[in-house]
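Shared chain: chain A. Partners: chain B in the first complex, chain C in the second.
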Partner chain A sequence: MPSERKSIPLRLALYALMVCTAVVFLFPFLFMIASSFKTNDQIFTDLESFRALLPVGPLTGENYARAFRLGHIGHYLFNSLLVTGITVSLGLVVNSLAAFALARIEWRGKQAVLTLLVILLVVPFEVISVPLMLLVASLPGLAIGADGIEITRSWLDTLYVQIVPFIANAFSIYLFYQFFRDIPKDLDEAAYVDGATPLQVYRHVIVPSSLPVFATVTILQGLAMWNQYLWPLITVPGEAARPLMVGMEQFFGARRTAWGEVMAYATIITVPILAAFIIFQRWFVRSVVGSGVKG
Partner chain B sequence: MSVGIRRTRSRFAAILFGGPAALGLTMFLAVPFLMALILTFTDQRLVSPDASRFVGLRNYERLLSVTTLVQDPVSVGDGQDRYVRIRDITRTDPAYRGYRPLTSFAVGDRRMTVLARDPAFLRALGNTFLFAVLVVPLQCVMALGLALLVNAGLRGQTIFRAVYFSPVVMSMVIVSVIWSFLFDRDLGLFNQALSLVSFGLIPPIDWLGDPRAAMPAIVIMSAWQGAGFQMLILLAGLQGIAQELYDAARIDGATAWQRFVHITLPGLRNTITFVLIVTTIAALGLFTQVDVMTGGGPRGSTATVMFEAVRRGVREQNVSYGATISLIYFAIITVFILLQQLVLRRRQGARR
Partner chain C sequence: MPASVELRDVHKSYGQNEVIKGVSLRIEPGEFVVFVGPSGCGKSTLLRMIAGLEDITAGELRFDDDVVNDWDPARRNIGMVFQSYALYPHMTVEQNVGFGLKLAKRPRAELAERVEDALRVLQLTELRRHKPSELSGGQRQRVAIGRAIVRNPNVFLFDEPLSNLDASLRGQMRMEIGKLHQRLKNTVIYVTHDQVEAMTLADRIVVFEGGHIRQIGTPLELYERPANRFVASFIGTPTMGFLEGRVVRRSERGLEIALAVDGTQSTMLPGRWPTLATGAIVTLGIRPEHCLCRLAGGAVRTGTVVLVERLGADTFAFVEVAGAEAPVAVRLGPADRHIANGQEVGLSFDPANVLLFDGDGTTVFATEQ
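The block that comes next holds the complex of A and B.
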């Protein structure tokens, strides 16, 4: 950071610039939140002035009621929370265990597996999404039908089609691997000498000293799952397993002229992420920088 | 415990620990990738009564075939140049069968028409590159400006950093929805602001309804949404530049601009290269914004490669064709991925 003391006019100018830029970055959110509490007429009247960005004037909760009633937002919110929660928690276990095997256990063929992993890292999801859809469309699945659990002929239109393919994640493994690799080896050596099993070493030595990387993977995978759009769009045509983002797109398509309702819908989806971001801001920033620099 | 037993046990543990992840990655990443390769040589559809057949390079041929046609004007006596209709030629001339016009332009008084078997795909390819060419410089310059701003040593800059970064954690779907309203022709805040600052001189732009304005609109929104990410990477780069360099330059009487050009930019060279490549890769995958805001329109002006892959592969159920488009996309970004690996290696080398 420049150590030079800046003159007061320069500092004021910089602050003015920062504030103006901040307005540029915030006004769509302010507009969204403000509009979500207004009737359509009110939104259009307020567009002429800065009132458009502020929740002032006669406010109403009607948009939210309609978003829940017409947009089934409660149902989709539940789906998204479930999909994100399960994928992230299973992913943490599965990927960190795999990274443990790569970073802390010696076995033949490890180098080859690592090379493969690095190759898989660069395959973007967009490239495999169409064949993957074809694959899951013909996998036998389970469903709860009228006579209890039934075997179905496809994974399409289920919650688990949004979960299972995303648990194992090459990038998460790689992040865990890099972190585990740098933990001093004498810690687990000492534990092994005391007769600990690899699982005990993982649980009592590695995991407790790796909380930052667990946080990073939780944030990155959680964001990716919560914001997922392309995959559910092509594999979940029905309403029962539909996640929030696809619900948002459908609601927007159907009620394009009802600005207030669409904004209420958008606000409900945004607030959990925004809250998490504000609380864990430092962690978000650190995770994204880490992912960008290493990935 | 003997070394032998421990080695056997650790092999067993490695298989046990790595197994679930290996299974998942094989089944849902490696296998679909190999499937993508194989599918491109077949005529596989999502649901079809017929078994799929091997068709060789037909999918690639259809996607990439381009030809040209030069026509002399046909005089009809009214002083205006006329040309034989393209449709009449593609119907009768076997050399042009299956082709449709992509674009045409005048060469002297003759007309040259570029035809393709799949003009929609080539247009989408062009749109994708156009998007990248517009968004990458805009987004990276914005990001550099933001990074410098939050690195100026002022109080409260972490708060501003969080503000500029906040759109990155938002879903692109939500951002696209909000901005669709901002871009509205009659009621959008953009046109309101334009009309305000120009005292009503700039007529309202139909941002998402005009083929010339739709892609720039998506570019502006995407740069706004993503710049915070590049800002953070550049910020890390800025903080890696030795402070002594600045102090020394200041003693030598260098101006702020000279310090920026001679210290900051060279110091950021590798970071900037890296950021440019990463942004390009992301830009070439453009899909969500288009799907939510324009559906590829108006008149195909915002359809992109990924949008076409999903449209053909999923919506029209032509899986093999969609997979071929995805693979062409992969071939294009592989160039950038290799560049990225090169830069990363160089950076790591420099750090050691």
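The block that comes next holds the complex of A and C.
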């Protein structure tokens, strides 16, 4: 395709528009980081000017110290990392295998399952959260007690209640399905002729050809898990299995809310997801744009 | 060890749509057989059935003495080269070639040695660390062939392997495939719609049409003694010319056939033709090299030149004749190369080299001269 050279004024206008858009998106982020180093009074004083977005004035690290001290942040961070890490890892395997079966293998009833998948895509989680909660509340589970592994009467207040229901994910399956469908079928057939089993085709041909979509699903499912709030709020009443997001509520007490600590806490929980995004960004963008896998 | 391949009344249907309609064929060990036919004739489907990539609806497929209908592709020990090459894009040339051996868990030293051999045979040693995206079409094709030969399969299957290459590379690769077969002596089944590939590579050619085999034979048999009008028109470039006619007289000297509607132009075909009665409608088939085209008179038919193809070594004129379905191709001799588009010319031919087809399109041969 011939590249179109845009005129300088047009390019300037485009850049200006992009900068404005970037500022709008960065605004809350800058406010959060700047405020996390300020006292409560300072935050409200700066609120009426651009100083709110800048780390200026008397700055303190006390908010971070208090967030770590009072917020059990280490414990909650561990829970969140564990829940997100396990769910995403298992989700990548389970959802991509499901998509492989749908996109690359012929079997009776495949179309019906695909239709069901599309239907599931449009059902919001809030619709099924209460029945799901009632279900897990009555499912026998396992726990490590003083006498070793014990059978419990419910899944509530555990880490796995935050993991198991979210491993299989219709949206992830659909993303994988769309990507796998476009990989030339000849590759599978060549591998079958070379002596591969379907699982080996998945492992040696499909997965290495699909890294962008794996990165995309890692980011999207990871982000969704990291930001889980409603589900742990209703299924994890205790502190032992509580994740970071729910942990934030302790800063909103009956007394005056300590906004500096809230912002410090929010900054801490944003860092891991930001790091993951920066790591996977290259593949993520490639996958979203749509990568060429032509032979 | 090269294996024999035998198809016994093989059928293939997709729902109500039958695409292979009872094919029986035996391919001897080490034989190079080419499947040809127009698009949609079922030749690629049959190849995929032999590979195990498509189920066989009915009939029997044997490799040597084994019925392999239900064997998966890996167990059949075949090597296949796809039209699209189907190289694994994330693997290097070396990894692509060795993938089958790796899956078979061959010892590392053996794997390295066999991959090395294959790369050397195909002159790919220098490119071993390259990814497919860094290779030219011809190089990719060689990697695909390397992947097929490295496992030393019983049967090689080629599915239109050269159709994505340009003309000169196609000629070069054709020669390489021919040389490779002479060296390895494996059984080869090769699908193409390019009759030059078929004629130059095959020990035997199988011509398909509409899910049926129309004829099996050596390239020369198919060219000189096609079983029917379809095969006669499919084999040979430019296509054989056809003239409609009617038997007007049978005699000791031969068969007199009227070519023009008014019966004024006729030709005498020598030999005995017991199956053709007087009055029978027939078609004469004439190869371009057996046809003469002159500006002067004395011709069997006259017509108008609609196209002259100058190919360098040969020049062909296409002559539109009243009553013929398509222009008749004529290879022009050195003296006639000045003939140009739009000229009125006279066509004549050697009756001894004419093929005769009956009303059903089946070739009729004279029983004796």
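Everything that follows uses one rule, which is that the second predicted complex is superposed on the first by the 225 of 295 C-alpha atoms of A that agree within 3 Å, B and C clash if a C-alpha of one lies under 4 Å from a C-alpha of the other, contacts with A are read in each partner's own complex, and residues count from 1 in each chain.
FYI, a residue touches a chain if its C-beta (ideal position, glycine included) is under 8 Å from a C-beta of that chain, and two chains touch if they have at least 3 such contacts.
Nothing here was measured: the structure is a model prediction, and the numbers come from that model.
Chemist: Mind telling me which of the two, chain B or chain C, contacts the most residues of chain A?
Modeler: B
Chemist: Considering only touches as defined above, state whether A:208 meets chain B (first), chain C (second), both or neither.
Modeler: It touches chain C, and chain B stays clear.
Chemist: Once chain A of both complexes is superposed, is A:262 in touch with chain B (first), chain C (second), both, or neither?
Modeler: In the superposition, A:262 touches chain B alone.
Chemist: Quick check on the superposed pair: does A:160 touch chain B, chain C, both, or neither? Answer first, second, both or neither.
Modeler: neither
Chemist: Could you look at A:102 and tell me whether it touches chain B, chain C, both or neither (first, second, both, neither)?
Modeler: In the superposed model, A:102 contacts chain B only, not chain C.
Chemist: Who does A:189 touch here: chain B (first), chain C (second), both, or neither?
Modeler: In the superposition, A:189 contacts chain C only.
Chemist: Quick check for you: in the superposed arrangement, does A:78 touch first (chain B), second (chain C), both or neither?
Modeler: In the superposition, A:78 touches no partner, neither chain B nor chain C.
Chemist: Name the contact category of A:283: first (chain B only), second (chain C only), both, or neither.
Modeler: In the superposed model, A:283 contacts neither chain B nor chain C.
Chemist: Where on chain A do the contacts from chain B and from chain C line up?
Modeler: Touching chain B and chain C on chain A: residues 192, 195, 293.
Chemist: Of all residues in chain A, which touch chain C in the complex?
Modeler: Residues 184, 186-187, 189-196, 200, 204-205, 208-209, 293, 295.
Chemist: Which stretch or stretches of chain C touch chain A in the complex?
Modeler: Those residues of chain C that touch chain A are 51-53, 72-74, 78-80, 82-91, 99-100, 103-104, 132, 147, 151.
Chemist: Show which residues of chain B lie in contact with chain A when the two form their complex.
Modeler: Where chain B meets chain A, its residues are 1, 6-7, 9-11, 13-15, 17-18, 20-25, 27-33, 35-36, 39, 44, 46, 146, 149-154, 157-158, 160-175, 177-182, 187, 189, 192, 224, 228-229, 232-233, 235-236, 239, 243, 246-247, 250, 278, 281, 285, 287-288, 291-292, 306, 309-310, 313-314, 319, 322-323, 326-327, 329-330, 333-334, 337, 341.
Chemist: Which positions of chain A touch chain B when the two form their complex?
Modeler: Per the stated touch rule, the residues are 1-4, 6, 11, 14-15, 17-18, 21-22, 24-29, 31-32, 35, 44, 47-48, 52, 94-95, 97-98, 100-102, 105-108, 110, 113, 117, 120, 122-124, 126-135, 137, 164-168, 170, 173, 192, 195, 197-199, 202, 223, 226-227, 229-230, 233-234, 245, 248-249, 252, 259, 262-263, 266, 269-270, 273-274, 277-278, 281, 284-285, 288-289, 292-293.
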